[in-house]
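Think of it as A, B, C and D in the order they're written, each chain with its own count starting at 1.
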Amino acid sequence: MNSNIIWLVFTPLIGSAIAAILYRVKFLDRLVTFSTFAITLLLLFSVHVGQSYTFNLNFMGKIIPLSWNVTHLSIFMLYISVAFGTLLTFYSLMDKSRMKGFLLLLILAANNWIFTTNDMVGFFFAWELMGWASIVSVLGGRDENSSRHAALYYAMMSIAGSYSMFFGVFTLWKLTGSLSISTNVAYLSSIVGMHPWWVLGIVSLFFVTFMIKAGIFPFHTWVPMAYAYAPDTFTPFLSGVMSKYGIYGMLLFLPISLMEKGMPAAFGLPWVNYIFMWIGVTTAVVGTVLAFFQDDVKKLFAYSSFSNLGYIVAAISLFSSVGVTAGIYHAFNHLLFKGALFITLAAVISRTGTSKMSEMGGLWRKMPVTFFTFFIGIASAAGIPPFNGFGSKWLIYQAMIKQHLPFATVMLFLASTGAFMYLFKAFHSVFLGQRSARYDNVKEVPVVGQIVEYLLMFAMIFFGVQPGYILKPIGAIVSSMGLKPLPTMANGYVTGMFSNVYVPLISWSLAISFTVGFILFFISAKHKYVSQSDNYTAGQIPEEWNLTPETYQFSWKFYEPIEGIFAPFFRIKIDGFFRGLANWTAATSSAIKEIFVSNAQIYAFFAVAGLIIFVIAGWVA
Amino acid sequence: MIFLKLLEGIGVGLLSLTVGLLFMGLARKITARIQRRYGPPVLQNFIDVFKLFSKQSISHGFAFDLGLVAGVSALLAAVVFLPMGQINLFPHNSSLIMIIYLMTMAYLGMAMGVSSSGNPNATIGVARALTMMMGYELPFAAVIFSVYIFAKTGSLTNIVAAQGGGFLNWNMVRLPFGFLAAEIALQGMLGEKPFDMAIAPAEIASGPMVELGGKYLGFGMLQHAVGIYLETGIMVDLFLGGASNIWIFVTKQFELFFIALLINAVLPRFKIEDGVKFMWKVPLLLGVIQALIVVL
Amino acid sequence: MLESVEKKVEELKRMNLEAKALGDWQFEVLVPRERTAEILAYMKATGYKTFIHLACVDWIDDQEFELVYNLENYDEKAQALVKVRIPRNKPEMESMMSIWGLCQVYEREIHEFFGINFIGNPNLKPFFLDEWLDIPPLRKDFDTLAFSQELFEFKEDESHGIKAPKRIEYK
Amino acid sequence: MSEWKDLTNFFRGRSFWMLHYCTGCGAMELPPTMTSRWDMERFGVIPMATPRQADILLVTGYLSLKSLKRLIYTYEQMHAPKWVLGFGSCTINGGVYWDSYNVIERLDKYLPVDLYIAGCMPRPEAILDSFKKLRELVEKGEAKGYEKYVKNYEWYKANQDRVLKRTKPVLQKPEEVTRSA
């Protein structure tokens, strides 16, 4: 009995209550949020793998056992999510948006609950708490109308997911009489050889929920809206941490798994996994392609998140030791670099007041620290060694190639190249190029923000150069799932199936070559700095053309040629499918309503028919 | 020991710079001969680089400086991991994907540098180069992964080792479609015609290079030199069975470069979207056929 | 001579205008200033649809400017020169933009080089010359050699064999 | 130190990157100079796309006042060391435009010309000869036009302003100018 686990849930709830009282005083609200996050982080040190806690809830005469269990995976997720949250709330100390601290603390409580709970009631309840708190949080965005629309859309998708999960929970409870996740997973694993289709059906109910939360194709439509219109300081949490709940859920149910015999195989994988892998690859490619053409920088990175989750899904769906390692590792890396990118974007947006890329540009001279954080962020996101995104992308390729899936790998590579393209577009449009005159007085973020940015920069480089600090815990997770962990070597090694990469070596190589480069740079002839308007303009001075920096900045229709190539695919609208579904549902519901309100005889007929169906179903089952 | 490796690394860097510049000079000479001109001296590019580094220049700020230096340095950092004949500094650390991603850093640095100058021509050039990159990386990736699966290894050292024992063991012979696809992709990688939209001097004033002068242009030239060395070197290791010593290695590199040069000398330029479409039709098809043959 | 040109000349003569054929496919017609718009509209309606060029001649001995509207009939392959004379001391002319919008540019140019004011043309800002403050340069009373020598500081230099160029007199 | 200078001058003289300012008919003489008949790349001379990259500025023909302004802007965007080659008689004394009100007469009043090539137009042989001559001058360290320009900037600037930024009529007195707005 380790009651310290439930304090992980209660501390944020208490903090949330205090913050709710204080929410009118913005600074106090932020301070309470930050301190609660920090206290939770401290509490985490007392939580260890293997601890568990059970509490029998007496609900109207029924005993509902609530149980907590700390696994390798949960402790890993807890540490990265709470640490990142602490950093984010520290950054938010100077935040002026309409974001409410108590909502974030509710999400933290749900976060800790989700990652530690071992019963489905708690899981479902925490899931709902997290969902609703985040929906309300989205409402606090800069643009009230859009954020309301986005929150509504998000709420709809969440509700659909909740129903699906509710049915899943109910079915499992009916089947096994137990609410414990581990029991049920074990049960499903035991029957998967006999009834693969049943298991597939039940697991799908859960997976729909997880895919909606993670924003996997084709359930991604809420992602760009919610990410773009949520408060700027909430988006990092939404993208970095909250999308990982879906991944966590998938990891809980994957070991069942569908790896058992009895499933037909495709390319060395059970075909369900094969299809799931392609869903991941499609997500990665679709997200990348859509990200090219966004003008809203938060939307661009929302699509980027969506694409990166595709990578993770593709990797974990292989359910091989490299695949799962790569997937979890990429989840961590994505949390770090996407969190850093969204935090720098929050900084930029707070200073410029716009999130449109075509209205920004040339901010690098004014915000150098933010600029460098963003630079390292996109270098990480593009998978450039020695920054942190490299190892996981490299491992994902290894995992895919080991399964002999060249086409999926090529598509992932395409997504990676495309990622480089849209990342550079955002980089250029926000920081490089010509700075508009209205940003002449833009200042660097306050010291608090700069500290966070330095920390993030350090983390991105440190975990890039020393991947062992992350790969070792992941190795423990992988072995706890019954897979063979990757061989752990010295801290700097990323070990794949085919070859190793010793990242510190790359860093040294880079350090030496940069030193040589700069020596060459400084011993050669002198240079002098000029203003940004001193450009080659075919002999004409820009003022004569009435050119302003805004008109002299190339950021509109950045990848027009590619747009032409992909144009045929843009006619397909996933969004339209869901709208159609909504209309269809409304029509069907009104038709069903007719049954109940129009005629007693018809109602009676349907009631009897329904009864017969239930009886037959029960008999069959 | 470490000191020795350091010296070797610097030596490899200098070697790649020298060979790259020599190749560029030879390219000018050969192109001139194809056009029935006498052509410049073979060492002309060394003269040019020296002159550029002795010129005064203007800079647009620290991102400009950093970007241009990163363009050369990241490639030099990548080139030490390339096995070339008997020179193989880090045989256990020569993953091809790692080298390719390290090269990406050079492109990112270069792109950042030239875009920070604020000249739209430069950015248009970068956007074109990245679009083209998307074109040729796809067939090249297909080829790389075919080779991976075929050789059952991802390390260039082992790929070279797997091709030992004569001409017939080379991947060029074993994987002919893949070789053709990679050869076309190489044309795009080197930025030679018909895929030189990024540096179209008549349309966008030499694109990314528009604001570069003096030592900055010198860094640009050096980057191109190392780029040629690295890209042809990867091709030699992948398809031509590596080499037993550095002279044969460079000769093989030059053969590949020579083919690219001949194509460059006689073809006009693609439109950017046509270039990408071409890459996604012919070489990608070849690469996919190769991958299918390998997998099945 | 083209039949249509002959016919046109006759037609114009019947309208009390001085018209004469200049060659096989070309004719000129002298129009008083107040009838210009009418005649040009008539020409446009009767086949001479294309306005090619507007030229100006400075007849300094007559103290008159001559504006030449150069029209083309591509169906008949014939050309018409509609000439209008305006007094030099009052260089004013109606804009023909209502007939051919294209006239705007030519009138702007003529205004710049001859100083003729086109009434009704909205934009007569200088087009070719930067910061021109002298009298319009293509007028005959503008001394271009003196201008050039003054502006570009011409100096005779015997030691280098630089001599003042002789003024060429046109007869 | 002087050996180092000689060395750099040696390399500079063998690698002229050229920016050709094609205003007049002289531009016609450059294609044969570049291509197989005369092939100026033999001497390390290749055309460049922007002034940032170029070493020599070739002014091929007459310069109107309007293009002079662009030429000066272009010249100032080039990086030192840089040289100007005046091409044909138009840049020397105005050539056939000797009495034109809008074509400048002597280029070296406005920009430091290191070398003039006589002719109207000069043949490709003359152009190649000028490159060789310029190389000799550079190697001896005598082609110092860009330093002269910096040293005598006031004089050049005054000359440029005199023709480009006129504030009063050149010949007439202001009241004589009959010009409607």
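Keep in mind that, in the parts below, a contact is a pair of C-beta atoms (placed from the backbone, for glycine too) under 8 Å apart; a residue touches a chain by one contact, two chains touch by 3 or more.
Since we're looking at a predicted model, the values are computed, not measured.
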Listing by label each chain that touches chain B and chain D gives A
Taking the mean of all protein C-alpha atoms as the centre, the chain whose own C-alpha mean lies closest is B
C-D versus A-D: which has more C-beta pairs touching?
-> C-D
Round to the nearest whole Å and give the separation of the Cα centres of chain B and chain C.
-> 61
Length of the line joining the C-alpha centres of chain C and chain D, rounded to whole Å = 36
Whole-Å distance, C-alpha centre of chain A to that of chain C, is 73
So which bits of chain A are touching at least two other chains?
-> 534, 536
Where chain B touches two or more other chains at once, the residues are 54-58, 205, 210-211, 214
Hunt down the residues of chain D that sit against at least two other chains at once, touch-wise.
-> 50, 52
Go ahead and list every pair of chains that touch.
-> A-B, A-D, B-D, C-D
Quick one: in the complex, what on chain B touches chain D?
-> 28, 32, 35-41, 44, 47-48, 50-51, 54-58, 201-202, 205-206, 209-214, 217
Where on chain A is chain B touching in the complex?
-> 362, 364-365, 371, 375, 378-379, 382-385, 390, 393-394, 397-398, 401, 404, 406-407, 409-410, 413-414, 417-418, 420-421, 424-425, 427-428, 432-435, 496, 498-502, 505-506, 509-510, 512-514, 516-518, 520-521, 524-530, 532-536, 538, 549, 552-554, 558-559, 561-562, 564-565
Chain A contacts chain D in the complex at 534, 536, 539-541
Within the complex, which stretch of chain C touches chain D?
-> 115, 117, 128-131, 133-137, 142-148, 150-154, 162, 165
Quick one: in the complex, what on chain D touches chain A?
-> 50-52, 70-71, 73-74, 77
